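Got a structure for you, written out below as structure tokens; questions coming shortly.
Naming follows writing order (A, B, C, D and E), and every chain is counted from residue 1.
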Amino acid sequence: MIIGRVVGETVSTKKHPSHEGLKLLIVAPADLQGEPLESVTPLVAVDPMDAGLGDQVLLAMDGWTAMTAMDLPGSPIDAAVIGVIDHIDVSRDLVP
Amino acid sequence: MIIGRVVGETVSTKKHPSHEGLKLLIVAPADLQGEPLESVTPLVAVDPMDAGLGDQVLLAMDGWTAMTAMDLPGSPIDAAVIGVIDHIDVSRDLVP
Amino acid sequence: MIIGRVVGETVSTKKHPSHEGLKLLIVAPADLQGEPLESVTPLVAVDPMDAGLGDQVLLAMDGWTAMTAMDLPGSPIDAAVIGVIDHIDVSRDLVP
Amino acid sequence: MIIGRVVGETVSTKKHPSHEGLKLLIVAPADLQGEPLESVTPLVAVDPMDAGLGDQVLLAMDGWTAMTAMDLPGSPIDAAVIGVIDHIDVSRDLVP
Amino acid sequence: MIIGRVVGETVSTKKHPSHEGLKLLIVAPADLQGEPLESVTPLVAVDPMDAGLGDQVLLAMDGWTAMTAMDLPGSPIDAAVIGVIDHIDVSRDLVP
């Protein structure tokens, strides 16, 4: 999983029928301080965790994993929010 | 999923039999304004959404996810358009 | 899928038994003009399409997708040529 | 798999029910000396190996592989620690 | 698949029970001359081919593909050596 930050959402009228009613968040891959990485393009993920704008989240980025997160094996999904992060504990002398 | 923009299509005579009749779009990974990213090479995706040239689309990039989008589990596909994006709402103070 | 160009082939004596007789092509990821990208290392893919040296091809790069392309679910394959490209139509004003 | 170094952990209250009680480590992809790579963002992985802070670990980064490592096929996981590395033997004349 | 070069091995005491007795090689992604790429970090792969130090190998990098290569569907593996390369034939005028 990677750490991401919710920065927006996307809306589609034309979509796979199984996506009806699903919230699709724009999540920016983030560093250990939760700041979006400038060099990486934001992703779009389904959100069964009801994360809010600005939240730091745990993002799964594998098809089967994301379908499992939603309990929707017949729905085309390849990224899902699987947790809202409360805090991150990092040993500062171990990271560059 | 990622955000992409439809920039063309590709045609093959020699192909997997299950691809007969499928539309194969060239989709450029795009930024949050829908502009193709210069540093990233365009991808090829099947399109069950009937997206048009220039459309902003939601692109799934996982084999099983793409097969599920097409409802073609026996067809070799690893990328599919799963939505045509109407609009993207981004909180500008959250992105770099 | 990505667009690639066939630039060679690779030969192994020691290999998985299921690979006996399979052709393994070296495919360079290519731009929309079919020119190999300098910054990306060539990949190795099985080829059920009988592509020739120099051909522009459609490359699937997912394990299950590639196994499906070969109809060999018990054979370790993670990339396969799934089409020989006749032509690519791109709207020049849409790409950078 | 890649070589990683455990640099911290992350805590979530809102999470998938199957993640209750799982330890989620922050693992920095590392070079052959076990030093975190500056250019690569740390990942989050489940840890069935009870690795400690600073440990060099073997990291699997595929959904089905990670679920298999945990023996939790119904839990959304896409990265798992699958070994704690004792030592790495590298032939110095073979690496740049 | 990608072309790699065996540059070492890694040893773990704490590991998934199914990894008992498996050889875990360090494989450096390589160019078409078999030289390790400086810009890419070495990977760790299981080796059912009994490759030797310095060998050029064919590397599969997908979970299900690697499990299939080992015939170990219940073992967490996401990369496997699936061939030892004898020679690579590349058309020099086709590569940059």
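FYI, a residue touches a chain if its C-beta (ideal position, glycine included) is under 8 Å from a C-beta of that chain, and two chains touch if they have at least 3 such contacts.
Please read all numbers here as calculations on a predicted model, not as lab measurements.
Here the chain-to-chain distance from chain B to chain E, counted in touching steps, is 2. Look at the contact of chain D with chain E and you find different residues on each copy: under half of the numbers used there are shared.
Centroids of chain A and chain B (each the mean of its C-alpha atoms) stand 19 Å apart. Taking each chain's centre as the mean of its C-alpha atoms, chain A lies 31 Å from chain E. Counting only residues that touch two or more partner chains, chain A has 62-64, 66.
Taken as a graph of touching chains, this assembly forms a single closed ring in which every chain touches exactly two others.
Beginning with chain B and heading toward chain C, the contact ring passes through the chains as B, C, E, D, A.
Across the interface of their complex, chain A is touched by residues 1-3, 29, 31-32, 37, 40, 48-51, 58, 60-66, 68-69, 80, 82-91, 94-96 of chain B.
Across the interface of their complex, chain C is touched by residues 5-16, 19, 24, 26, 28, 35-36, 38, 41-45, 53-54, 62-64, 66-67, 74-79 of chain B.
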